[in-house]
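In the two complexes that follow, subunit A is the common piece, with subunit B as its partner first and subunit C second.
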Partner chain A sequence: MTGLQFAAPVDTTPAVPTVPLQDTVLLPERIGELTGLDGFGLGGELLATFIAAFIVGNLMLAMTGVAGPWAKRKITAAFTDRIAVNRLGPAGLFIILADSVRLLSKELVIPENADRPAYDLAPIVVAGSALLGFAVIPMGSGIHLADPEVGLAYVFAVSGIASLGLVMAGYSSANKYSMLGGLRAVAQNIAYEIPLVITGMSVVIFAGTLQLGEIVAAQHETLVEIAGISIPTWYAFVNPFAFVLFLVANFAEVGRNPFDTPEAPTEIVAGYQTEYSSVYFVLIYLGEFLHIFLGGAIIATIFLGGPAGPGPAALGIVWFIIKIWGVFFATQWLRSAVPRVRIDQLIEIGWKGLLVLSFANLVLTAVIVGLIA
Partner chain B sequence: MCVRFEASNVTEMNDWIAIGALALVGVLIPFGMMTVSYLLRPTVPETSKRATYESGEIPTGGTRIRFNIQYYMVALLFVVFDIETVLLFPWAVAYQDALAADIPLARALGPMLAFVAILLVGLAWAWRTGAVQWARTPRQLDADRP
Partner chain C sequence: MSTGLERQPAVEVTEDELEAIVGDRALARDDHLNAPGFVIRPDDVQDVLKDLRDEAGFDHLANLTAQEYPDRYESIYHLRKYADPTQEVSVVVPTTTDEPVSQTAEPVFRTADWHEREAFDLVGIDYEGHPDPRRILLPETWQGHPLSRDYDQEKPQLVTLTEHANPIQPDHHDDESDTMFLNIGPHHPATHGVLHIETVLDGETVVDVDPDIGYLHRCEEQMCQQGTYRHQIMPYPDRWDYVSAGLLNEWAYARVAEDLADIDVPEYAQVIRTMGAELSRIASHMLALATFALDVYGDFTAIFQYGMRDREVVQDILEDLTGQRLMFNYFRLGGVAWDLPEPREEFIEKTRDFLDGLPAKVDEYNDLLTANEIFQIRTHDTGILEPEVAKQYGCTGPVARGSGIDYDLRRDDPYGYYDNLEWDVVTEDGCDNYSRVLVRMQEVEESAKIIEQCLDLLEDWPEDERTVQSNVPRTLKPDADTEIYRAVEGAKGELGIYIRADGTDKPGRFKIRSPCFHNLSALPEMAEGEYIPDMIASLGSLDIVLGEVDR
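After this line comes the complex of A and B, so read on.
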């Protein structure tokens, strides 16, 4: 299972049953076979890989396209007893097209004191880095781009790149609100990154691997059976405490309510994105939504069994999308229902509350697993 | 597949090629959008609209001034804890295997507990000295004093 070997004192037979690999055929290979590109040597393989990456990238882009201009408005409207967009297409769905044309055709106004290369690069960093994490997420129905052994560590690493983009945006705009927003974003990310990773580690203790395909496969067994319905060993059921901690740390990490202080509209206009207009604004906005979905994808993968669900395995992608939209819905719910915490409260919750709780969770999980084994 | 190396090597390589391909897509999409926007948008140069936004007022002073960034100590603490998580990951991966290989619990768990305890002592120290607290202005401190 792992590359690490232990010298067993007496018994040398492997005591841990090897977990069956899920999704052993990854998407690039499958596309190579389907299109016959695998017959063209290395070039064909690279092209198949690129096509697979293009599919995954655009799937996520389509989801943010639905979420940003349409679902967000509709959900908020439902919470505040309004109707929101309803003129174009069924339930106002065509607003997505209208809005994308509207936003892209806005004039790009660049503030006079902007620090140019950084100002232009920041939106690309924010949008591009958010997409990277989806490479290792098993989405079911064979949509799984890559499954490296360090999967979980990789996801945490690339989702941290966005804070670099945010501080670039905040600093290079030469605007006081942007500056405050960028600094707040960093303060928040470093306060909640540790609880997030430490809580994710308590899942690794159960699964014994960082490979996301195997973490999903390890959640297939039956935990308990209540009245004929078998509850699977999703780690949200095995360790609900860790699930709640991870959920809270994740909301803070992606900067959503009640932790949306970096762009608090009532305090600092729009934070790091104050000076961004036109396509740059679209890219930063897109990056934020991709981040919410990446957070949802991590939660779904390590706590909610990934693409697992009732019905045939081909439905995996449907269940996966339902799960990450569930997390998105939760962020919008909190946006409408929970007041924002102050920045000093935010830092205290992170360092004095969540960090201590996440270490308690890790140590308790390790001790309980050790005693049961 | 046509090109075959050692079975484990090829999948491992392909994984990172696929991640690289997604990185390429992640750069191409923003550039594509910027190109479309470049073709669509108007450009009406005018100096006053490029002024830094400050609630519609004429901006007072620059942005690059000295101020308390508040979390300098926290950033140092973050580095320590972040390295700790990196060091803990191999332990978390190997823990179940170690237990299954009949390694006594004290040997499998003890070092990790000691490691975490040392760092938590550090956190307790930072907590007591007020490093994980939002810094307060002298005026606020005066107001707090009984």
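After this line comes the complex of A and C, so read on.
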């Protein structure tokens, strides 16, 4: 591995700034302080952590709640010359309530030959794996649950668990379409997880750390200044090639168009989620949106400067959410405009195209960083 | 437009030559209004058809009609030439009532496979040597043959699930070959209606395809046999290909009935018919493009919605013209129901506006669809249908023209006002899904040209010569035992009707030749060995409407 030889001097590179991070105080600690829970030892700490996780989790779930029943419809409608939901509330926003009631009140039909408890666990695994990922994402405005040194590796690891959930769903449903969908999902995730991680590594070479807080901090410098507007050292600007690679691999990883083969409604009905109804369906659907948002969060963090943006640092979370929604918007744009590739073509693009390109990118980055250092 | 494939002029075969070819095997002559007919023995079928195909060039088995007379069963093979469909010949094969066994024609024309299954299913003729003698439209456990004379309609049909092939049967897993049996449909997002495709998969590869049809069988032929020629049959054709191709279907009946009863149509009505039919074709092709995009794109994408949006405009124009959105019932024997809506100028203006905006829309489609790189890698070289194979299956319409077969009844067997207008037949010789899309896309433009010219004619037509209907007797009773087969170029291909008059005011036998039926039967040729997504794309590119397949 040529990349690793060049990676060694990175640790001492002066390119990494030593400015204090804006999230030096993590959210659980701050809550502990504010509520006085930190005085109660381990129990208090745990409670504070739980409250913090509750806030972040609900923030993400609320976002998917807006995205699923409302934003997705509105965005697609805008692309296809339609109006979409507009009857309930301003701009049809209350459809979110109506849809939640509708989805929750549906009958839960469980196939006779379903392999339980795998069938019941799959939706939780899918949704849960995405939620876990948000634990280490620095969202700005002090919303940051934990900042372990292996943050980036952790994010990739937990979002990878989703594949397990998809296989469980596909295999345990006792339906051939689900089976095909589950198999496609695994084939696809394996093919695209590697380019995704490799491309992520090129950022690590730049930043010299896996810690997400540090990676964000490393993007605060000014790259160039054009007509008074300073372009920050966001890795999307520093290495646009890696950014595009990561974006593509990410769309495949979360199974969005043009890589939505695991669901492929016109071919295999709904893939691994064919047999899911009611709350289970909601969980899987939710999980998919969470994964889109997690993908967006990773992209925002390692390529778009995390919560960085104009204005006071307190606005960090706003910028961060805007960036996540930007990625979500891109998925919907592609959904409206790009045909789906065939499964064999998808695998081919993954193994023969993206993998090679991502390694090339890694080597190139290592050489450049090595030379500068 | 045309692709280097030059049309080979068909060699004219005179009746004497035909007689020489059939020779002693002809027991008698049984001429139809449209073609000379030869009566042959049931065990000569393959020989005669083969000689007619190879020596006289009748390479298109357009239709097979089966019917029961009081003293015999009869199968009629309607043959024509792809190179010149005005050359026709009928081969009549009578069999006894006691033992209705006839030799199969399947080895000569592959399309006879499905046709003979239908003849067995509905009429009750057995075809000896048929590779797959199952029912095709009705359930396997059906008792009796509904179009035979002694069929008892009152008798309840006991079709239990245990007896019937269970459409959701658990598994056909074959331990040795390691393949998977998969039911696609009857309820599946991509089957365009209620089609059931029994597939055998080897991983993602389709090994075997067997379309199972009949879920939408509505006894259309029987219903037409119970209606009077004059008014009662015309509403039914709208319901065959029900996705806005109604006027094209109505024309199929109008043409055959007018030729049967010798009815003239005023020129003015022919122009209106031509315009209406082409509007229908545009609407139908728009839907075909939109749903094909849906099959390949996999979601309700922009291109699908654009297709529907533009089709809606055509639908509005047709509604202005006929008073209906889908079930037009606008044609009458001897003309059309009424003149253009008043104020005429407004209608013509509206239609012109649509035509003027069309090129921009077609460009938009091309940008989104045919120029899209992913779309191209998805559709190029998939669903290959070689011209020889297409002819074997009797494929017509955009499917045949996408395989380079230059066959369009509007030009080759002219009717209506097409002969007097300037337009081209579009062919592409890629033989793949992409070519079929290109053909439809260009046909929309050709149809627009036709409509444009019709509008010019209609605008300048002298006010006192605007006759929309000729004088047609209140009751039509064509002579007994006149038989005729006539076809028009429907949205999906050659839409033909065979009628045998029995001396009453209702047809004795009414047989519909559905283009979708033929096109769908070629699906296994296109899909086997491909991936599942390509099979779905091939199915979409055939543009079938189950209402017309099952009738």
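In the analysis below, the second predicted complex is superposed on the first by the 351 of 373 C-alpha atoms of A that agree within 3 Å, B and C clash if a C-alpha of one lies under 4 Å from a C-alpha of the other, contacts with A are read in each partner's own complex, and residues count from 1 in each chain.
Note that in this section contacts are C-beta pairs under 8 Å (C-beta built on N, C-alpha and C of every residue); 3 or more make two chains touch, one makes a residue touch a chain.
Note that the structure is a prediction, hence the values are computed from the model and not measured.
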{"item": "Touched partner set for A:339, first subunit B, second subunit C, both or neither", "value": "second"}
{"item": "Subunit B or subunit C, by number of subunit A residues touched", "value": "B"}
{"item": "Partner chain(s) touched by A:269 [first = subunit B, second = subunit C, both, neither]", "value": "both"}
{"item": "A:297 touches, of subunit B and subunit C: first, second, both or neither?", "value": "neither"}
{"item": "First, second, both or neither for A:176, with subunit B first and subunit C second", "value": "both"}
{"item": "First, second, both or neither for A:42, with subunit B first and subunit C second", "value": "first"}
{"item": "Which of subunit B and subunit C A:26 touches, first, second, both or neither", "value": "first"}
{"item": "Which superposed partner A:193 touches (first subunit B, second subunit C, both, neither)", "value": "first"}
{"item": "Which of subunit B and subunit C A:352 touches, first, second, both or neither", "value": "first"}
{"item": "Which of subunit B and subunit C A:53 touches, first, second, both or neither", "value": "first"}
{"item": "Intersection of subunit A interface sets (partners subunit B, subunit C)", "value": "176-177, 269, 343-344"}
{"item": "Residues of subunit B touching subunit A in the complex", "value": "1-3, 11-12, 14-19, 21-27, 29-31, 33-34, 36-38, 40-44, 47, 49-55, 62-64, 69-71, 74-75, 77-78, 81-82, 85-86, 88-90, 92-103, 105, 108-109, 112-113, 116, 120, 123, 127, 132-134"}
{"item": "Residues on subunit C engaged by subunit A in the complex (per definition of touch)", "value": "180, 182, 188-190, 204, 293-302, 304-306, 309, 368, 372, 374-375, 377-378, 531-534, 536"}
{"item": "Subunit A residues touching subunit C - in the complex, by the definition given at the top", "value": "76, 79-82, 176-177, 180, 257-258, 260, 264-269, 335-345"}
{"item": "Subunit B-touching residues of subunit A, taken from the complex the two chains share", "value": "1-2, 4, 6-11, 14-16, 26-29, 32, 38-42, 44-46, 49-50, 52-54, 56-57, 61, 101, 104-113, 123-124, 127-132, 134-136, 145-149, 153-154, 173-179, 183, 186-187, 190-191, 193-194, 197-198, 201-202, 204-206, 208-210, 269, 274-275, 278-279, 282-283, 343-344, 347-348, 351-352, 355-356, 359, 362-363, 366-367, 369-371, 373"}
